[in-house]
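Order of writing sets the chain letters: A, B, C and D. Residues in each chain are counted from 1.
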Amino acid sequence: MGTYFSDIIRGLWSLLIGLSITFKEFFKPVVTVPYPFKTIKMTERYRGHVELIENDEGKPKCVACGMCQRACPSGCISLASKSVSYEVEVKGEMKTKKKKVLTKYDLDFTTCSLCGQCVESCNFQALTFSKEYNLASSRKEDFHFDLLNRLKERNS
Amino acid sequence: MSLTIFNALVAVVAAIAFAALNAAYLVWAERRGAGRIQRRPGPNVNGPLGLLQPPADGLKLMAKQLTIPGGADKALFVVAPVLAMVPAIMSFVTIPFSDTIVAHSMNIGVLMLFAFASLGGLAILFAGWGSRNKYGVMASVRAVSQSISYEIPMLITVITIVMITGTMNLKDMVAAQAGGFWNWNFFPSFSSPLMPISFLLFFVCTLAETNRAPFDLGEAESELVAGFHTEYGSMGFGLFFMGEYANIVIGTSLMTILFLGGWNCPFGLYPGVWWFLIKVYLLIFSFIWIRWTFPRTTIYGLLNLSWKILIPISLFNLLLTAGLLKVF
Amino acid sequence: MTMTNESVKQALRDLFPDPVPVVDEPASEDAEEKEETRTNGVLERDHAAYGYDIDVQLDPGELLAAVMIVDKAGFFLESITGVDWIKNDQLEAVYDFSRYDFDTCRIVIRTRTPRSTPKIPTISKVYPGAGWHERETHDFFGIKFDGHPHLVPLLLPEDADFHPLLKDFKP
Amino acid sequence: MSGPIHIQPGETFTLNVGPQHPATHGVLRVKMEMDGEYIVKAETVLGYIHRMHELMGENRTYPQVLPNLSRLDYLGALGYTHGHVLVIERAAGIEVPERAEYIRAITVELNRIASHLFWFGAFVMDLGGFTPLMYAIEDREYILDILEAVTGSRLTYCYYRFGGLYNDVDDDFISATRAFIPRMRKQLKKYDALVTGNIIFRKRLDGIGIIPAEMCRKYGATGPVSRGAGIDFDVRKNEPYSVYSEFDFDTPVYHECDSLARYKVRMDEMEQSLRIIEQGLDKLPDGPIMPKKKPKLIKPPKGDYYQAVETARGSFGIRLVSDGSKNAYRFKLRSPTYSNMSLFDEACEGMLIMDALAMMGSLDLVIPEIDR
């Protein structure tokens, strides 16, 4: 009989403690961010989708070696290039040299797992992570990014 | 004659409007309150402070199609949400908000309120059984056993009050508690020393009767998906939802009338409907506060609480009060 | 290695009628040939290099006896899996056991069965937890576990008739 | 499909809990044979989110598998990637700089706390209390912010590399983690008062959902499930890997075998993880985070390697069978919840459905990790 009443009293007391905690929380400030109206700045190391980096001339640094394409676990990078001959002054002489120029850099974001293997594999520091995170669309095609185009848009 | 019909119509419309408005805005209050307790703002986009959220929700629910599952008992399925809402509204007719604001004061007010309250269990039983869903059946069986076991201590407590005040008319009950707060039934007197415990008991029973957490076993969403209204969408669900809140208002009003002196001011100043509403909404706040603090009980824990703790205590209180009333 | 584990090792060794001399730690180069032609027996492995201590290979027929020894010594079942040795035309079932106490000892029991008729007795009578692991191995490799009470696909769809981890599996 | 259900007395009916059910926290299905509210027999059906990570591990080169491991368990991803890099390092014989190991231990423990916090919230939500989940998420956000600033992602980290780390931690990380420790201790006290002491909560767990030690052994249950059954087993202690032998921490063990014991184990583990983080930050050595000599192409020598690590859910093991090429020959993932869940069918027989689901919550299920 004694435990019967002490159990009731102790149970009630534990309930009151719980109530006092939530009551205190009631008057504490809100901790959430009202998302569409206010956003948080992404951290320095945030890994969004990849983005091409430009050199001083505004052209992509990429030399189209294809390392990122091979490193990608999900095969979501496809790039194309063409050979361009250009003239260079070497020791006072004009010489014709050839180099690869990137013509297309497509990222299929639907299969990308944001692992960053492409950025790591790049030997020319031509890729970086973008800070974009609120990508949403109802169409699949919106996630086939033409990174070369994005670079141009960024520059213009 | 025509005037009385008109009066009655006005009273009924007012009761419905009060019930519906309360139901709608208690949802808002619940969500805001839950938000504050959980350190988030709650609905705040539609209108100032999110005050347009309930109409928006209502419109959304009304715009949806009411699907009736194949093999369901159509009649029961359709009747159930109505049965949940109508008794709740009807109960408002007899609740006195103040000395003058009462739709119809009758001598058996308490009895009528409890008669209507019992219908709520029936609505849940119909809903669970009619929707041909195993979760629904399990939930309705739970809810019915719950409402039966909690009506007993609740009624015994009310009998104690009836003995003290000597009337079953809600208005007279409040009148008997006039004066300062020491006259309220909540406070122990020589003839009824266990009244605070009675109040607590009544409070717990009201929580259980209105299917509120921590006694919301009828819709225990972590086990029974949504319990008896698993299959309900559209306004069928909306009616259950509003019925729940209307029941809360009735339960808290009853507590106010029975224990907290109705529209009487604690210090005998300016009695009126405002005191009644303040008390009711404070009680409702405590309901919300409790819901967002505690986990759910088990079905056997719930029945144990009723049969092993609440009923013996309420019976003891009844006997004690009866005896003491004879002495003093 | 503590007493319990020594006795387990001895008991496992006793399973083999002709005690094979304990092979020394195979160097990684010539392990290539040895792995292909390894005879049944008990090997002691360096925990730091391989992650387990005792490596047993036996015929499917002796499996239950070995598992009972391990069970009696209080080991728990870590996992069961398979390996497809397509060059040898064999499927290997690998059983991992470990201990709860501080006598850390991981036992690996391997048994091989022909690819065409892969059949291994179930150990779910000894370790009920093997039920799921065996079902999974059946899913992935098609090894039939003789006597398993409920050998239906677990992770693959109910009507799956393919075994994705076989080396000749083409999706 | 005509007429309402007719159940005769004594007749059982089948209840499909899941694959879409609030209590299963994912796409898990349990076919329950019910007698009223009592479970007569249960059969768990898996595979709704099976992705065949093991085949991916065979098809891809070793570095390409790195992101896969964090998709196993979305709550405690770092523990799984830790196991992965450790087994490859063991197989390929790569030396890991000490600083990298310390940072790994600190981040794994942070992630373990985050995982336990989320479990705590979800478990109380299983029991019907919603608010603790929000408090737990608030604290978890703090950890995720710390980890995001270091790793670049919030949930599916890809931070460890064979031989070291993706990038080094900065002073912000250290100060934020140091600030987090006292804050978390305070919060743990709050949870204790709000939830652990609560009479309703205790009544629902105390003595309910018994999983005895022998059952744990037969089914291979590890982690908090076995520690709640009185088994003092923690891979970090029993088979120390990484730098865990350097830390002074305890393994919380409770002997009650019930849901409450498993709950208490996890709550105590958070405190122990805090201790490890504290010591790790104190001892954090300077130095490189990647080894000086690292093979360009990872090709472990032929052999069969095994590595077990203690993740938030139990002992996670990877068996790597290498044939000396740049892909794994066999890449077996031994996930702890798979074994922990397999005993559910037997343990829940004869229980009320609400108790069984509370027990399921106390197993700390992450479905993608069961299905792999």
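The criterion applied here is as follows: a contact is a pair of C-beta atoms (placed from the backbone, for glycine too) under 8 Å apart; a residue touches a chain by one contact, two chains touch by 3 or more.
Keep in mind that this is a model prediction, so the values were computed, not measured.
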Any chain that touches chain D and chain A: B
By number of C-beta contact pairs, the top two chains: C-D
Cα-centroid distance, chain A relative to chain C, in whole angstrom: 43
Whole-Å gap separating chain C and chain D, where each centre is the average of the chain's CA atoms: 26
Distance from the mean Cα position of chain B to that of chain A, given in whole angstrom: 52
Centroid spacing, where centroids are CA-atom means, of chain B and chain C in whole angstrom: 63
Multi-partner residues of chain A (each touching 2 or more other chains): 15, 18, 21-22, 25, 31
Chain B: positions in contact with at least two other chains: 37-40, 292-294
Chain pairs in mutual contact under the definition given at the outset: A-B, A-D, B-D, C-D
Residue ranges of chain A touching chain D (in the complex, touch as defined): 10-12, 14-15, 17-18, 21-22, 25, 31, 43-47, 71-73, 113-117, 120, 129
Residue numbers on chain D that touch chain C, as the complex places them: 46-47, 50, 52, 54-55, 58, 87, 90, 216-222, 226, 231-233, 237-239, 301-308, 315, 317, 319, 321, 324, 329-330, 332, 334, 338-339, 342-343, 346, 371-372
Chain D residues within the chain B interface of the complex: 1-5, 7, 13, 15, 21-23, 34, 36-37, 124-131, 134-135, 138, 194-195, 198, 200-201, 203-204, 352-355, 357
Touch list for chain A against partner chain B, complex: 8, 15, 18-19, 21-23, 25-32, 34
Parts of chain C lying in touch with chain D, wherever the complex brings them together: 28-29, 31-32, 35, 48-52, 55, 74-79, 81, 83-84, 94, 96, 98-102, 104, 106, 108, 127-129, 131-132, 140, 153-157, 164-165
